Each structure stands twice: as C-alpha cells, then as structure tokens.
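There are two complexes below, and they share chain A, which is joined by chain B in the first and by chain C in the second.
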Partner chain A sequence: MSAAHTALHDSPGVPAPDVGSPASGRARGLAVLSGGLTTALGAVGVALGLSVIFGAPRHLRIGWLLPLVGVTFDLGPLGGFFVAATGAVSIAVGIYVVGYAQREHWVRFSLAMLPLFVAAMLLVPAAGSVTTFLLAWELMAAASLVLVLTEHHRGEVRSAGGFYAVMTQLGFAAILLALVVLSAAGRGDAFATIAAHSGGISTGTRTAVFLLTLMGFGSKAGLLPLHAWLPRAHPEAPSPVSALMSAAMVNMGIYGIIRIDVQILGPGPHWWGLTLMIFGALSAVFGVLQASVATDLKRLLAYSTTENMGLITLALGAATLLSSYGAHQVAALAMTAALLLILSHSAFKTLAFLAAGSVLAATGLRDLDKLGGLARRMPGTTVMFGIAALGASGLPLGAGFVGEWLLLQSLIHSPHDNNTLLALTMPLSVGAVALTTGLGIAAMVKAFGVGFLARPRSAAASAAREAPATMMTGMAIAAAACAVFALAPVLLSPVLRQVLAAVPTVGGAAAGPVLGAYLRLPGLAGSMSPGLIAAALLIAVLIALGLARWGGRRRPASAVAPLWACGADSLSPRMQYTATSFAEPLQRVFDNVLQPDTDVEVTHFAESQYLIEKVTYRTLLADPVEQRLYLPVVRAVTTWAQWVRRAHPGSVHLYLAYGALGLLIVLVIAR
Partner chain B sequence: MSWIAKIARVGRIVEPALDAPKTTVVPPTGIAGSLQLRHVDAGSCNGCELEIAGAFSPVYDAERFGARMVASPRHADGLLASGVVTHNMHQPLLNTLNSVPQPRVVIAVGDCACNGAAFAGGYGVVGSVTDVIPVDVEVPGCPPTPQQIITALRTVTGR
Partner chain C sequence: MNATTELAGLAATTLQVLAVVAGAPLIVGGMRQVRARLEGRAGGGIGQPWRDLRKQLRKQAITPAGTTVVFGFAPAVVAGSTLLIAAILPLIALGSPLDSAADLFGVVGLLFLGTVALTLAGLDTGTAFGGMGSSREITIAALVEPTILLAVFALSVPGHSANLAAIVSATAEHPGQLVSPGSLLAFVALAIVIIAETGRLPVDNPSTHLELTMIHEAMVLEYAGPRLALVEWASGMRLTVLLGLMANLFLPWGIAGAHPSVLAILIGLVAITVKVAVLAGVLAAGEVFIAKLRYFRIPELLAGSFLLALLAVTASYFFATATN
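The block that comes next holds the complex of A and B.
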C-alpha cells in the first residue's frame, strides 16, 4: 500500500487531509464521471439484453469501421443474457468505484479504462461475426490488462500482469485459429452464415474447432489447467476490476463455449460432453481445494471463481452429453442449472470482491491471518460479505443454492438404463459436485469467520473504518441481486426460458424446469421451494426468540461476567483460529494433491533438551499444476530465447544482412 | 446378540447406595437432584483427583445421585476444588469461581483444600481453599474415599 494510504489509517475517523482542496475535488469529479459512465453503460447493457431476450434480435452493421469486412453486431437471446449479466455487474461496480477510486487514489488512465473495459465486455456477446468477435475480445483483454496493472509500481502486480498478458494472448491465439478454421469451413464471416452451413462441416474440423475453443475459452474462464492467471491477476488487480473480471469477464469464456460448441456446432458427439464434464469437475474440485487452503482473501475468491466456472462447465457438459443421448428433458434441466449458476455466480462474486475491496481499502490487508474483528468496525461490509459467502457456499438462503440444486437434480435424474457411460459419469459427477460444495462451505466459513469475526490480529485491522456510502450502495445492489436469486428465482423464470429456447441443440423443444414459487421438474420427481424454506427458517427463528423471551420473563436481570479464558487472565488474538490453522486438517487430508512444503523447526534451550525456546512453522502452498506444467514450459522458452539471442549481437550490419536475406527468400518463394 | 445376554448376566455392578444423608446446603439451582460441577485442581497431589474420578466411575456412580462434571464453569452450578491453593493457581481459581453463575456452591475436597494439611504455610502456598474463597461443603480425608465424596455431594443434591 502506498504511504498516503497508511497515513490515512493512523488517524481513524479523521478525514483525509486533502479533502476540500481543488485537486481532490477534481479527483472526485473524475471518479464520478468514470463510475457514472460505467453504471450508464451497465444500465444500457441490462436494458438492451432484456429487450432482445423478450423481443426481436437486433442487427447492426457498420461497414466502414473495419476494412474489407466491416463490423457486424447480431444480438440474440443468448448474447442478450450475457450482455444483461455484464451490465448488471457494471452497475454495481460503477457506483462502487466512485468511492473506491478516491480512497485508493486511482490515476486518470485507470479511470478512463474502466468504462472502456465494460464497453468491450458488452460488445463480445453482441458480436455477430468472427472478425467483430475477435476485435471485441482483444479489446476486452487489452483493457483488462491495463486495469490489472493499475498499481504497477508494485513488483507483484507487474509479475501478475505479465502472466495474465501471456496467458490471455495464448488463449486469444487458440480462439483466433479456431474461428478462422470455423469461418473457412462455414463459408462465411458472420456467425449466422456459419450456423446455416454448420451441417456441412467435416468431423475433423469440428473436432479441431472444439479442442481449440475449449483451450482458448477455457483459459478465459479459468478452467484447469489454464487457470493459473486467475489466482495471480485477481488478487493484484484493484478490487472493482477483480469484481468485473471475476463476475463478468470469465463468463465470456463460458459464452464462447456455449455459442460456438453448443449453439453453432452442437449437438456435439458424446465425447464433447464428456470432455467438458471432466474439465469442469477437475476445475471445480481443484479450485475449491485451493480456495479452502488459501490465506489471501482475494486469492481465495479467485480460486472460488475457478470452482464455479468448473461447475458451470460441468453442467454444460452434462447438458451436451444428455442431449446427445436423447434425454432432452434432463438436458434442459442441466442447461438451466448452468445459466442460473452463471447469474448467481456473477451476483455473489461481485459482492464478495467489492466487500474484499472495502476491507483492502480500510486496512490495506488481504491476508486473512492478519485480519479479524471487522464485524465490529465494518458492520455493513461484514453483512455484505456474509451474504456473498452464503451465496458461494451453495446453502439454502444463498444465491448459489438453486443453481446447484438443479445441477444435482439433473445429474441424479439422468436416465442410464443399459448405458455404461452415463451410469459411470453421472454418479461420479454427483460426487464431484458434493465434494466441491462441502469444501466450498469450509472455504467460505474460513473467509468469513477468520476475516470478519473474533478479534483483530493486527493494528491495521483494529483501525479499520466503514466504507463510504457509494461503496456501500454498490455492494447493496449486488446483495439485492443475491437475495433475488436465493429467495425468488421465479423472477428469472421467463428470462431462462427464452434463453433456453435460443439453444435448441441442448434440450430441444423440451420444457425446462418450472421456477415458480415451487421449483418443479417436469416429468421428474423432486420439487423445492427456496421461498418456503426461507419463510420456515424465519418462523422457526421467531418462535425460538419468542419462547426464549417467554421463558426468561421471571429470570433475574443478566449480569456482566468476565470472559472465560480457561482460568487465564484474558484471551489474546494469537489464541484464535487463523486461516492457516483452520485449513490445516484439509491440507493434511489432501496432502497428495496440494503438496504443501511445510517445515517445523524446534529450537531447544542450551541447558536442557526438554525445554523449548521457540517453534518456527513455515508452510508454502504453491499451485502444483503451475509447478508441474508451467515451470518446465517457462524454462524451455527461456532456454530457447537465450539460444535465439545469439543471433542478436547488436551489429547493425548483421541486421541489414538479415533483412536482405529475408527479402531474397521472399522473392525466391513468390517468384 | 450375545452382548444383551451378557448385560443381563452381569447385572448392576455399582456399589449399593447408602442411606441418603441430611441435606445441609440448599441446591443452588433450587432443583433437588441436579448439581453440575466444574473441578479445579488448585495445587493437589492428584490423590483427591483419583478419588473424585473413582466417585464418578461406574463403580460408585455419583451421577445416579444427580451430580455431574461439566467442561466449563459457565455450565456449572458449583465448584469442586481440591488441593492447597498455590501461587500459580490462585488467580485461575478466582477466575473460575467468578465464571460460575450465581447462586453457586463450592465444595472443598480433601484435607489440603480444607485446612492446608502438610502444606500449610509452605513457601509456594497462598493457603487452603477455605482461606481463599467461601466454601459451603468440606470433605475431609487424605484423600477422602469415593464414598465420602459421594456422601458430601448428596448433602447438596438432596438424593
């Protein structure tokens, strides 16, 4: 954190010294402008998305913007769904950033890039042709990279930015290749033309396009093993940017998979669905495992994104697989689960990152082991993070519950008579989802319990102040969305039905689940009512409170007693559970997967071997995928680059000779 | 199912209950037959602890008279203190007593807790439990037998 920032903490309650000066007034104006523009773009996105979901698709062609092909926009219900989701996230983030940018002293460049990033994200699902799509995609990647590098004076940020830049460009290369192959085989640049000719595309081309898009879009969605940029870029980016990236940008990877592999090339063969399910399940379990042992709050949330994207991909894969076996009813269920999970993840992850940003702005800390005690000092932010954590846990009353319930129902109810593949995959997937949800609860209990409850573990945490009104408003909007997903998914029912109808290759004409006050699955056993569960819980709590009051009416007045500290004089924050100690049993159980590097060093007194002077405990949790997969590649590239470097000795004559040689070769070839 | 037959064959192995002693202390909760106790070893040689463990063992089974050991003073109606009060345990004993809700009962087990016995006046000793905190029931003996401890507990539980 910057020096100015630390100075702010030393005087809690005292306004920042530069408030009221012309410079700060200007900074506020710029922040309001940037945030307002972001919010306005978001509102336009929501309105546009809803209008195409319920109305006619919109077409727009700007011929002069790009030479030769022009720019084509073609927004249907599926694109409208993603535009609306991105817009909704942007509304919350735009309002939040007004307060955040002033607190964190954002530079003008970052403020200018934020609306541009949102605009690029809104253009990606609206793109109607391969060229436009690639243009918008690259604009989105570049804008997000610049925003990740906002605090570029810190070394970690530069390293994360480098990692992100390389991975996003490699992903882009895969997508570029896939779409070029696709448009060549589909005899056109526009997606509509390709879709019309998709029947004539050969199996080999389809396979190549599927694998390349899975790689490219998978890396954007943070699927294993291409997730490595997420836990680096998300923690180091400013929190509103993390929220946009994690809640809106990664969705674009899912959008790409649905658009290309399900809508245009679907229905795919069995193994497409199976591949999606395997990558989805692996990402979900690995992501949540890393999240449950992470001690950095934003790193934990980033891994949780990998987990949720994994679940969504699993649902997509299940829909594809079931559809290819003709079980359209259940496939529609899985697809609805995927769409609902996308929406709910966007809502609770926006809220979680914004709340983490409030904590970061107030304390300068992301390390859970140094936080704590924020419930007293930042009650509003604590409630907000609580709502987000409940949503991420997939428990009733949480935003993620309905989607995960639908996913499990679709996996359980998949017909597998005389079909070994389905009979094997579906129960295994149920296991993976169950394990993911269970560990997800542990991760979120850790983030909330260790980060916000008990006593502060550092001076910075005990000096925390509540976030300003604009930041709270931004979070409140996301929290309201979480409440809708948790209690009244009926409101989303018309949207989901329209989008499902726009993906005819999955589910076919079969009706999706009925998301009324009661969730019903047509033709299947099983129904659930999140609203009734909430009402029953509320009534139970009220009854318990009433009974306690009635029972306690004759009890003497309560007395204030000293805190029970097992006979010791007082408890110290050092006695509390830390994030590390909370996750230690899990780390032990999953030792083989996580491969932690732990080291316990016991120093004895010189006088006696029985008396311990001090114990040092060190643990290093590196991502095993990174260690095994990325490091060798990086090493090989470095070696190769060193070798190539010999051809660059700095001699101008030699470079001229290279040029002449190159020209000669071109002339010979193009003779 | 042979274990059910075995239960029937073995029968009850607990020591027969003696006649109930006269109740001398009003049960702190106002309910006879329920006494939740937190034990504090203020500096005992662990002789009394062994006998207390014996009193709550299946053989003597103090729980059939309504006395129970609990883990936290917050759950307790009273304190079961044993041993002389050493300097190190003086404050913890007071902290524990203050953590027991009122009204409460304090039972001192063993000679050391009642009058300091052989350790009275020692350099590491503050005094007996009776010197440090108000005691309602004293159980003499070095150590007292489980039967004596149970009899003392029954004067509080009223069973």
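The block that comes next holds the complex of A and C.
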C-alpha cells in the first residue's frame, strides 16, 4: 500500500499537454504500446487456454525463480477455461485503452501496470502449486490496487483504495491459511500431489479449508457479506480497469472455489453445496436490489457483478449439492450453467463497463440523475450499452439468457423423491433466481432508459461527443461475444464439454446439456432454441410493422409534434423522471432491506405558513450490510488500537524496558 | 412424422395466430360490453375496439419531438413478441413447430421483452408522465416475474418439463392433478399476476382518464395514430394469449393433438374461443365490483401471490413424492 503510494507520487499528476505537441505524440505511443501489450497478452491467453482445453495439459517448472520450492505451472482444461476468458476480456480492453488512456491522460505508471495486471491474472489459473498460486494471487491483488489508485488525487479514490487494500489482504490471509493447511494435510506443495492424497485428509481439515477458502475466494468474487470493496473500488477505478476487475478478476474467486473445494476436495458433504447456494442466493438478491436503487452508473454495474457472482455460486452450489446426492445428470446441467454464466457475465460486463467509460470520458459524469439524451450524441456507445444491458437483464436475445435458462432447468429437474432438503431448497432457489431476474430487468431499464434515452439533464451530458475509433472497436469485440452467447451458444459447446469433463467430482461421467441449434438436456425433457426465437421474433416484428401499415396509403404524411405538457408551453428537462425517482417505488417496497435515510424539509414563506417557499428532498442509500457489520468491526479495531497506542508514548526508556522484559521472557521460556 | 401431419401442425399454428390477431379486439370489446351492461350503460358494442383501430390506423402518424427510434419501434416489438407467443402457445393444437424452440421460461422472457420495450419508450419521451408510467410498470413487472416463474415451476413438476405441450398433455392425461393443492394454488397465483401484467383492475384501470393514477396508459400517453393502434392491439393480444394460456394450462379439454385433423382443429378453435370468452367475461364482471388499489398496496397483493406460488411448488413437490 505505502509502496504503491510513493511510486504513484513520482509520476506527474498534472494532465498531459494538448493534442498536437510532441509530448502528445509520445503519450499516444505509450498508450498504443500498453494497449498493444495487453491485447497481445490476451491473445496469448486465449490461444493457450484453448490449446489446453482441447489438447494435452501443459507443465512448466522454473526452479531458480523462487528459492527452495521454485515456481510450478500446471495448466489443465479448468485453468485453461479461466485463462481463455481472462484473455478474451483483455483483448477488448487492450484495444479500448489506446483511445481511453489518451482521452483521460493516463500517467505512464498506470499504462505500465495494465499489462502486468493482465499477466498476473493469466498466471493465477495456470499456477500448479500452492506457492505459485499465492504468488500470482498477490501479484494480481497488488497490480489491481495500483490501478484502482490511478486517479489518486481524488479523495474518494484514496478511500476506496484503502478499503480495497484491507479487504483484499484479509482475503489473502484466509486463502494463505487455507492453502497452507491443505498442503500440510495433502503432503505436498503441488496441487496434483494434494489431489492425489486428498482421500486421506480428515473431515476437520476439510471443513476448515472449505470455510477459509469460501471466505477468501468469496471476498474476491464479491459475495455477501464480503462484497463491500466491490461497489467502492469498481466505480472509482478507471473504466477499463473496472472492466478487467469486474469481468476477469472476480472470476478468479470462483476459480479458486471450483479448484480447491470442488475439484480437489469435492463434492463434499451436503452442507457444502447448501452453504454455497445460500451465500449465492443472498448475494444475488442483495446485489440486484442495490443495483436497482443505485444512481451511480458504475456502482450499479458493480452491484450487478455481485448479483451475477451470486447466481454463479448458486449454480455451483446446486451442482455440488446434487452431486453429493448422486444426481449426476442434473449436476452436470447446473455446472454447465455456472460455466456459461461466467463466460456470458464476462462478455456483457466488459461491454457495460467500457460503454460506461466512454460516457465518463465524454461527459465526466457517472451520476444517472445528471445524464440522459446520450442516444443522439453518442449513438454507437448507446447501442453498445443497450446490448450489454439486454445481456445483463437475462431476457431472450440477451447474452445472459441461456445461462439462466440452464440454471432454472437444473433447479426444476432436480430429483425430490423422499428428500425434504432438495424439496425445500430448489423452489426457494427458483424464487431467488426469479426475483433476481425481475429486479435485474428494472435495474437495467433504469440504467439504459434514464442514462441514454430521454433528454440531457445537465450541460455536460448535452455536450457529449462520441468515443474514438479504438474505443468503439474494443466495445464492438465485446458486443460480438455477447451476440454469440445470445444467439449461437453452439460455438461454446465443445469448450464447456471439455471443462465439465475436467471436473469429474460434479456430474461424474454424465454428459452436459447439448448446446446445438436447439439446447437439449440429455435424459430430461426440455428444449430451447435462442437462435430460432430471435429469427422468429424478427419475422413477427416485421409482420407487426406490416399490420401497422394497413390503410397507410390514405394517411396524411407523418409529422413531428411537441410533447404533451398538460397545456403548458413546454417541458423542461428537469420535469423528467430521474434515476432516483424511477427507482423510488422499488425503494419503498424494499424499505426494510434497504433502510434508506430520507429527509424532506419544507420551508414556508415568512408571511404565511400556508405558502411553501421550497422543499428539499435528500435521500441517502448506504449499504446496510456495511453499516451493520463493518462499522462495528472498524470501531472495535480503532478502540483497540487506541489502547495499544498508550504503550508506545515515545519514551526511549520505556522501549528499552520492553526490550529487556521481552528478552527475559524469551530466556525463561527457552530455558 | 410425415409432411402432412407437419403441415397440419403448421396450419393449426397459423390459424391460432390469426384467431388471436382478429379476436383480441373482440375480446376487449366484449369485456367492455359486459362491464357497461352491469353498470347500467348501453356500451359501444363488441366491435367498437375494431372500429377504433380502423380509425387510428387511418390517422396521421405523429412523432413527438425529441424521441428516438426506441419510441418508434417499441409498439412493433410489443406486438411482434405477442404474435410470437401466440404462435408458441398450445391454444388450438399441441403441435406448434415452435414448441421445442421455447418453453414456458422462454414465453415469460418474451412477455417481459415487450414490457421492457414499452417502458423504454415511456422513458424515451422525456416527460414526467412517461417516466412515471415506466417506473410503475417496471416495478410491477419486477415483482410479477418471481411469481410467474414459480407458478411455472409448480406446473412443470407433474409433466417433468417446462415445455408447454408436455405440461398441457400431462394435465389432459391426468385430470385428477387439477384438484391437487399445488395446482389450485398455482391457478390463483397465476390469475393474480395475469391481472397485474395486463393492467386490469384492481392493479391498473385501463379506462382511466386521470394521468396521475395511470400505469400502462401513462407510459403510452405520447402515442397517437397508427402506433397507438399497434399498442392497443398488442395489449389486447397479450390479454387474449394469457387468458388462453391459463385456460389450457388448467382446462385443457378440446385442444387438438400434435397431429390434428381438420375437424380437431375446428373443435380446438371453438373450444379455446369459448374458454377465453368465458374467462374474459368473468374477469370483466369481477372488475365491476372492485376499486383500483392504491399503488403502494399492489406489492402486498403481489407478495401474496408470490407466497401462493411458493406454496404451490412445495405442495406439488410433496404431492408428487406421496404418489410416486
């Protein structure tokens, strides 16, 4: 943390000179270098990932890099899946950042850190031993922290960075402890050795490792209640970094859970799957509820990440729970849903954060209450955000639909003969998923409708200009990925099949769903064809347009007319619904959960108390989990630190006495 | 399956889409007529919505200043998604060529796609009324979705599938399941959400003239002429297909099989027309006796229906366990 700060202060905080000067030429060169390197790393990641998914696993050992243990890489299909996903996100972000870094005048240090962050993320799933894994994990955490602090001259960024630093290090401590215990019990440092000896690990150790990894990896994935860093760090980080963090880094938390708890120790007792499902469902519902009332565009997207990670964890939990009951067919279905949701979330969240970044670069605004009317000023970005929002809302034609459909199918097809636990869990999970989808639609309609449609609510929004070509290209790549997930999931079928086979602890030898032109579930009744629905919908819309032309020849030419203003002259943009007012009914309905702090202040005229001079409305939506759980802990730590502080008042005599006392105690014990 | 039977399935599907297109305004007209008679008025007659549509379609197309393509295309998306739902559902016959392309989850998704298109159009106008209507509509939609999906779940337990033909034929083969607690609870839950989703009393009043109390009508306030015709037509079709869905989910008699003969198709058409007309009549008659709920009381109603749906699933699970 302190090292990052000193390093950042060395770099110039002032904006780079204007376009045209030699310095700006150099800035462009550096941006191209950084973006090009990021894209190249991403391409290598995709190639490497696909090669191990379809080919033989790769091993690499560099003995001299770390004393005693060395660095071991061991990339199998599961790791390859995450490497490929991270690589794909990096390709889009790398191209995007060329334009973005120039518009936002990124300092050299951040440009240098970006490829390093991507490299660290590619190394995490490739790590073949506990030491290498921890090293890569910490490298990833440190690089992302430095990137979050890019705009460190703003106070909110520093505060978010501090929050993130503490939480990521606490998570790291939990993972460290878990992996050390695991490697001691598994008699080895390499994951392969541990997996070979996993049968001999005692139940107590397994439980400890499961709980600790759930905590550590869960905090990285943004699961409740360890999600608090996410809605702080993601909005304050520069948007390409938010995209990398939200679409690639949080996946590493899921990777850790799958690798350690499912692949090596899985499927575990029934309560493991149940715990994962409970935390997943809570995160999904809480995340989407916060997203639906958020007014900061990037904060909304960050909470939507918590929501999606919750859904993925729910699917993962369902897969392990069903596996532990021997329902391999349905478990394979749930696992495929989890894998597909990871990929589709990466695609639409990359796109959403990149589009939010181009709005931020064009207007300097993240507040939906001040945005609006961007559809006319930035049509390209509007279309891109629309594709991302459709994907995030889980509707047909959107990227998230197929994954959610598979998840729902696995929940409704779970066997329930004489099993009270499954008979209670599965309906409740369907309820949670359905509530999540419903509120997710509301959140995304708000983000797109209020932010991009209607009329501009501020001068900055009405003066927005479209993003440059490199940024549009980066977004277009992510949009193309979204289209594949929405319309032709058949392209992903071989990848998912191979990865599913690499995790035999869930699903066993059962084949996953067939993602052809029709999605079919082997052994279960149910099918769906997203491509056919899209084609049929297109035809149906054309028919509807044709019906509306009936009698069109006798119709007068169409005209533009002013909006209905109840007979008044004209409407001002201030009369529109804002994001706050749009979400107000939901805020009221979920009053008990959200606990908003609302204040209405009415000022009367001095002459008469029947005439109102002005009404002030103020509402503050703090994260209730943060208020209830984090504040007491922070307060306790502060109080405790105050006590400890009394012990070192600065007196050298006292410190000498401590030294002598310490030495005496050591001597007495050592004797 | 040979070409003739496939052709028969296709013919039945085409016929049911045409029947929905032509019949939806008549259903709306019939409901208005029932209300009018019960309230002691003469009413405009069953054909009045058709006459209104013809009038609207001949009018000049008006684009409100400052709106984008979202506003222009939303009516077509709503109408198109409803037409597609009409083609998927087993209304006249079971063998829709699209049945395996979209199950009940897909149908619910398409329904919400239409809702989202209209809410975006309401926001696109940039007026207070548009935003107000959109905000209210999306809040109700967000709360309706969990209930619909849970009711789907409850109904898919006996047939072991969420595909509509499987659900309907499972009910037709084992009519005893209809009186099971799970099925009855799902029926009530689904009835409440269909009322909410189509904007009928007590959730929304489709014939209100006061903007402040509107939900659906506030959202589409800026539409005029041919686009308004499309919106009205689509909302009539949504009501019709949802009533038809409910009729066949719980009373599947008369529906033609997967490979129907001409006679079976005609019987299916008559059966679904009678069922939808009766349901619509009951709904309209019920509306005479109730007032619109306050907006913030609606979530209580929807929470109640959610609870019923949850009980339905649990009941159908334990019921299935008991018989198997």
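As a convention for this text, the second predicted complex is superposed on the first by the 626 of 671 C-alpha atoms of A that agree within 3 Å, B and C clash if a C-alpha of one lies under 4 Å from a C-alpha of the other, contacts with A are read in each partner's own complex, and residues count from 1 in each chain.
As a convention for this text, a residue touches a chain if its C-beta (ideal position, glycine included) is under 8 Å from a C-beta of that chain, and two chains touch if they have at least 3 such contacts.
Quantities reported herein were computed from a predicted structural model and do not represent experimental measurements.
Participant: Go through the superposed model and pick first if A:A548 touches only chain B, second if only chain C, both, or neither.
Facilitator: Touch status of A:A548: second partner only.
Participant: What is the contact status of A:L65 with respect to chain B (first) and chain C (second): first, second, both, or neither?
Facilitator: In the superposition, A:L65 contacts neither chain B nor chain C.
Participant: First (chain B), second (chain C), both or neither: which does A:I665 touch?
Facilitator: Neither partner.
Participant: Contacts for A:I612 in the overlay, against chain B (first) and chain C (second): which applies, first, second, both or neither?
Facilitator: It touches nothing on chain B or chain C.
Participant: Which partner chains sit in contact with A:I412 here, chain B, chain C, both or neither? Use first/second/both/neither.
Facilitator: After superposition on chain A, A:I412 lies in contact with chain C alone.
Participant: Quick one: classify A:P562 as touching chain B (first), chain C (second), both or neither.
Facilitator: Both partners, chain B and chain C.
Participant: In the superposed model, does chain B or chain C contact more residues of chain A?
Facilitator: C
Participant: With both complexes superposed on chain A, which partner does A:V450 reach: first (chain B), second (chain C), both or neither?
Facilitator: Only chain C is touched by A:V450; chain B is not.
Participant: So which positions on chain A get touched by both chain B and chain C?
Facilitator: Comparing the two interfaces on chain A, one with chain B and one with chain C, the shared residues are 559, 561-562, 564-565.
Participant: Note which residues of chain A are touching chain B in the complex, please.
Facilitator: Residues of chain A touching chain B: 559, 561-562, 564-565, 567-569.
Participant: What part of chain C is in contact with chain A in the complex they form?
Facilitator: Listed in rising order, the residues of chain C that touch chain A are 21, 54, 57-66, 68, 70, 73, 75-77, 79-81, 83-84, 87, 98, 100-103, 105-106, 109-110, 112-113, 116, 119-120, 123-132, 134-136, 138-139, 141-150, 153, 156-157, 159-163, 166, 211, 221-222, 225-227, 229-230, 233-234, 295-296, 299, 306, 310, 313-314, 317-318, 320-321, 324.
Participant: Could you pull out which chain A residues touch chain C in their complex?
Facilitator: Residues 292, 372-373, 375-376, 393-397, 401, 405, 408-409, 411-413, 416-418, 423-424, 426-428, 430-431, 433-435, 437-439, 441-442, 445-446, 448-450, 453-455, 518, 524-529, 532-533, 536-537, 540-545, 547-552, 554-566, 571, 573, 575-577, 581-586, 588-589.
Participant: Under the definition above, what is the set of chain B residues touching chain A in their complex?
Facilitator: 40, 72-74, 91-93, 95-96, 98-99, 101-102
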